[in-house]
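What follows is chain A paired twice: with chain B in the first complex and chain C in the second.
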Partner chain A sequence: MIKSQRINVFQYVPFLRGVLRSRLFQPVLTISTLFFFTLAIVTGLFGTPVGNRNFGIVFVWIVWWGLLIILLVPFLGRLWCAACPIPVPGEWLQRRGIINRRKGRLSTLRWKFPKRLRNMWLQNFGFLGVAIFSAIILTRPEVSAWLLLGFSLIGIILSILYENRVFCRYVCPVGGFIGLYSLMSPVEVRVQDPQVCATHTPKDCIIGNEYAYGCPWMVFPGTLERNTYCGMCMECIKACPKNNVVINLRPVGSDLMVAKERRLDEAYKAFIMLACALLYSVVLLGPWGWLKQWANMDTLPHWLAYAGVFLLANLLLLPGLFTLTALLSQRLGRIQLPLRQLVTDYAYTLVPLGLTAWIAFSFSLVFTNGSYALGVLSDPFGWGWNLFGTTESTWMPFGSALIPFLQTGILTTGMLFAVNTAYKIAGQHTPNPRQALRGMLPVTGFIMSITFAFLWLYLG
Partner chain B sequence: MNRFQQLVRWTYPRWVILMGIILAIGVMTFPIPQITDPQTRYITLDARQFEFAPHRIHINKGDRVIINFTASDVVHGFYLDGYGIQARVEPGVTKQIEFSAERTGKFRYRCSVSCGSLHPFMIGELVVGPNEPFWRAIALVIIGLFTLLTYRFLTKGTSYEYPTLGASPA
Partner chain C sequence: MKRELVTIFIVVFILVGLPVGVFLYQRQQSNPDSAERAIHIQAAVPESGGFQPAAIQVNAGETVTLRFSSVDVTHGIAIGPSLGIDLGHVDPGHVKEVTVTFDKAGTYTFYCNTWCSPDHWRMRGIVEVTDPNNPDAIPTAYRDPIIERLVAEGVNIDANVNMGMADHPQGDTLTFEQPPSIEKGQILAATLSIPVELEDAEWRLSHTPMEGLELLTDQNPSTPMNDLIHVIAYLWVLDTPSEDIQWAENYYNKNCAACHGQTGDGNGPAADQTAESPVAFGDAAYMFGMRSDVLYAKIRRGGMGTDMPNFGTLLTPEETLKLVGYLWQLAWQSRAG
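Our next item is the complex of A and B:
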């Protein structure tokens, strides 16, 4: 039944298979992004310290961010990961090649990545670690550049120690939330017939062959049911001798219902992302100057207090309130499930809510500041160049009268999707729809309150 | 069961969605009468790195607004979302900004002159009451929720897509 809701894109766009099978596909993407990435680092390090006149800040935190969260993640899931420049130097190094598949195994020290770290916790803490410095990172080109460079360096080191994209899968703070929110996307890489995979040996998609590498994300496509850890690199499409791997279109949010792979680390990712969307809306888009100063480290004690509250809200307050909600749901719906499991399961309702909240936040950030992009295109370093004659283009917010309505629309959509998801998740735990309905009521209350909070911040 | 009965059966819970949509459209377009008399508001607004004082201003629709705009450290600017009004002010000089508040809602005023690191986030809020967009949004959320819950209640298990998929061990 679930299968029948899928549309195999290759059936309708046959040449796409050829494009994705080409070994040029990924390098074309990554070499282009690598160009902008290098420019962002160089301008960040050597250009003007004025953020909104520096290519590094404007292109990373406004243009790239806007594209990622408003378009790429909601519609194409992890496809960004296939194009991402950060892990590319490391990957080239371990492959000892850029385009062609070189014979033999990857050149690494072949260490084993610790079992206890094979989850999203590093990404959770990594994201928080970056988030508490966000006011500084978003406005200081040099800091921002060092951060990007740092990510890439960690990527290289991990590529030397371990095989495959350990950085992307377990470490990259951006990768974590892209993975979580890609559960929502209407596009997926999947095998057409898992039966074929079950009997096929050797599994080219895991070990690789002369045409392609084994899955760099350490995923077995044959049993893949969720988008979270598939980097959409298309290696398995190239590798599979049975042409069994395809790109599917599917109903939005399908992966949210895959119950057996729900985990607490992912649930925490959902909490953290939602809490951060709220906090950023307060700190960055709110009218409270003192808060911005604290976040901006005007004094160390101020920043420490700010960071402390920030972390507390992310790690204890929101998860705590959500646990209470789940407890209530457990009682009301008479759901026979350990609380921890129930909290984890319900946390996936926060995926649509969090994603739409980030989109609403980004509408404001991106539309308002998007016009800076014109200026820095002509003068990336802020040195007075005028490459395309747009240096003097003035800052002009785009659609400022429209933004509140877009925000209302997207937030309401996300909320309804979240509540419907809550109903379905409750239904996975009790066969009785009445009980499911009663069980999801507290979660509905939670989701509604969060939605009201966002509406108040944006419109109230 | 004849055709007609089948049709009624099919339509029955879906009426709720239709009702919800009608209600939502109603709540988005329902005209809200003006309750307060227009006045002239004199406001002193000071800009400094990286905030405005006051950071939130409340007025009513139809009011004539006269802002005496000053800067107490460096050159700052003023841009009012939704109204597109723009100004620039140097320290020590008072700039007057005048306009009539014809649109209701919350509009951010932002610094429009690059004034330092946090400049893009230098923001204040002008609320032109009654804040229709906000209350309509709240109403929309409530109607949406009510519709969804009622629909789920009426259809019980019938349109329930994932009855057993990955059912938990419980």
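Our next item is the complex of A and C:
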């Protein structure tokens, strides 16, 4: 049934397989983004400290962010991870090359990454660590540049210590939520026939061969059922001697129903992302200037209070309220499942809601501030250059009248999708549709409350 | 292998060539002519450090391009004295520049002339212009005959002086129900006997209108004193060219109005942030007891402990006198309050 809902893209666009099998595919992406990444670092460190006149701020936190959350993640899942320039210096060091497949194992110290950390918790705390400084990072080019450089440095160090993309898989704060939200993506890298993989003992996709490296994300494509940890680097497509790995189009959000791989660390990622979207909307888009100042560390006590409330809301308040909701659902639906597991399962209803909330937030951010990009294209450092004659272009919010409609539309879509997901998840734990319906009611209430909170914030 | 090498070259080019290229391009942009130097000066409110760099060195006769950018709020950039450079507003992240040749050795000041923060008046930087033949000698002080004369006279410039009104026997009988009118004064002056001192600009510089009124009353005893006030108003702005007034009004509005008020009411938007209440030049009664040379000295030296900054490093003596002339205009227009 599920298979029948997939469309193998290679069948309709045969040359795509050739493109993705080329060893040039990923380097072309990463070297292109490395150019902009380097420019963002250099402008951040040496350009004007005025955020909206600095390429490093405008192109990273407005242009890239907008592309990522509005287009890439919803439509192409983790494809950004294949193009991301941050981990590539480390990866190139491991591989002792950029394009070609070098013989032999990766050059690392071959340490074993601790089992306890092989999950999303580091990414959760890393994201929160960055999030509490976000008002500063998003506006101060130098801080932003050091943060990006720091990520790259951590990537290099981890690549020296461990094999493969440990940084991307377990550490990168951005990769965590891209992974979670890529569950929604209508695109996937999957094997056509798992039986082929089961009987193909060499497992080229894991250990690599003369054409490709073994999966850098430490995933076995043969049993891959969700997008979360597939970095879409296409090494498995290159490696598979049976041409069994393909790109599929599929119904949006298909991965949400894969019950066996649901985990608390991912559930917490969903809580954190939703809470952050709500808090960012309050702090960065809301009318409370004093709150923005607190987040901007006008005084240390103010910022500490802000950070404390921020962390509390993310780690206790929202998960706590959601746990109460799940408890209510458990009672109403007479669901025979431990509460912890039920909370974890239901948390996946917050994936569509969180993603659409971030898209709605980003509409405001990108449409309102996108015009800054024209100015910094011509004068990326704020040094008075005028490379393309657009330096003096004025700030002009785009589609101000349209934004509330887009936000309402996307949030409503997310809410309906989330409610539908809640019903399906409840149905996975009870065979009785009426019980499932009763069980989903509290979760529906929670989802609707959060949606209305967003709508109230955006529409006033 | 060739493909790999080309890729490595591209990567190295991005990681090394891009930053190096940027700085070479900036150097070339800053230095279109090898003989001309460009200096980038970043402006921030004084609470965040003011101008960076706050001092620059230039050789006399050297042509330099000064590029100002703001990193926080809108600033106004001017350079003085005597250069007449006013770049207007510099918005955050934008750059404005001026190419200037400093002919003479000395110290010039670049400063903000748009109220930008409570410490706005401290927002200054200096250009030290040295004679390449004698680089150690920068003229830093010069004689100011007006101030020297005040000091010799024993006038305490730093005190809140109002000379003449209180001491004058008729000082408290004066009323200013009608603001002193320059036009009325001009008509009346044609019918009166004007003491020779009052027609002497030098005398008026060092005396108060009250003292002038005393002389005028002595010579015209039958004319009501409130009529003579108009004549004094007229005499105190005598021979002031209109272009000087225009220049001074513009300068006053940019640099003084924030505290003293655009109408001279002493109640500008920043008036409540100064250590002492700013003087109301539009208060005719107050100005009747004030001397031009004292106003001149206060403008040039600043007011000790009052938050009144010195303008002596920004204005030439001649420019300062133009500004004083405008203060009398404010006084007689009596727009105070």
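Throughout what follows, the second predicted complex is superposed on the first by the 460 of 460 C-alpha atoms of A that agree within 3 Å, B and C clash if a C-alpha of one lies under 4 Å from a C-alpha of the other, contacts with A are read in each partner's own complex, and residues count from 1 in each chain.
The definition used in the following text is that a contact is a pair of C-beta atoms (placed from the backbone, for glycine too) under 8 Å apart; a residue touches a chain by one contact, two chains touch by 3 or more.
Note that the structure is a prediction, hence the values are computed from the model and not measured.
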Chain B versus chain C as contact partner of A:Gly382, first or second or both or neither: second
First, second, both or neither for A:Leu16, with chain B first and chain C second: neither
First (chain B), second (chain C), both or neither touched by A:Asn52: both
Which of chain B and chain C A:Ile206 touches, first, second, both or neither: neither
Touched partner set for A:Met297, first chain B, second chain C, both or neither: neither
Comparison of chain B and chain C by chain A residues contacted: B
Partner chain in contact with A:Val252 - chain B first, chain C second, else both or neither: neither
On chain A, positions contacted by chain B and by chain C: 50, 52-53
Partner chain B, residues of chain A touching it in the complex: 2, 50-53, 135, 139-140, 257-260, 284-290, 292-293, 296, 335-337, 341, 345, 368-369, 395, 397, 400-401, 403-405, 408, 411-412, 415-416, 419-420, 423-424, 427-429, 431, 433-434, 437, 444, 448, 451-452, 455-456, 458-460
Of all residues in chain B, those that touch chain A in their complex: 50-52, 55-56, 79, 81-82, 84, 103, 105-108, 110, 112, 114, 117-125, 131, 133-134, 136-138, 140-141, 144-145, 148-149, 152-153, 156-157, 160-163, 165-168, 170
Contact set on chain A toward chain C in their complex: 24, 27, 31, 34-35, 38-39, 42, 46, 48-50, 52-54, 92, 97-100, 381-385
Residues of chain C touching chain A in the complex: 1, 3-4, 7-8, 10-11, 14-15, 18-19, 22, 25-26, 29, 40, 67, 69-72, 92-95, 97
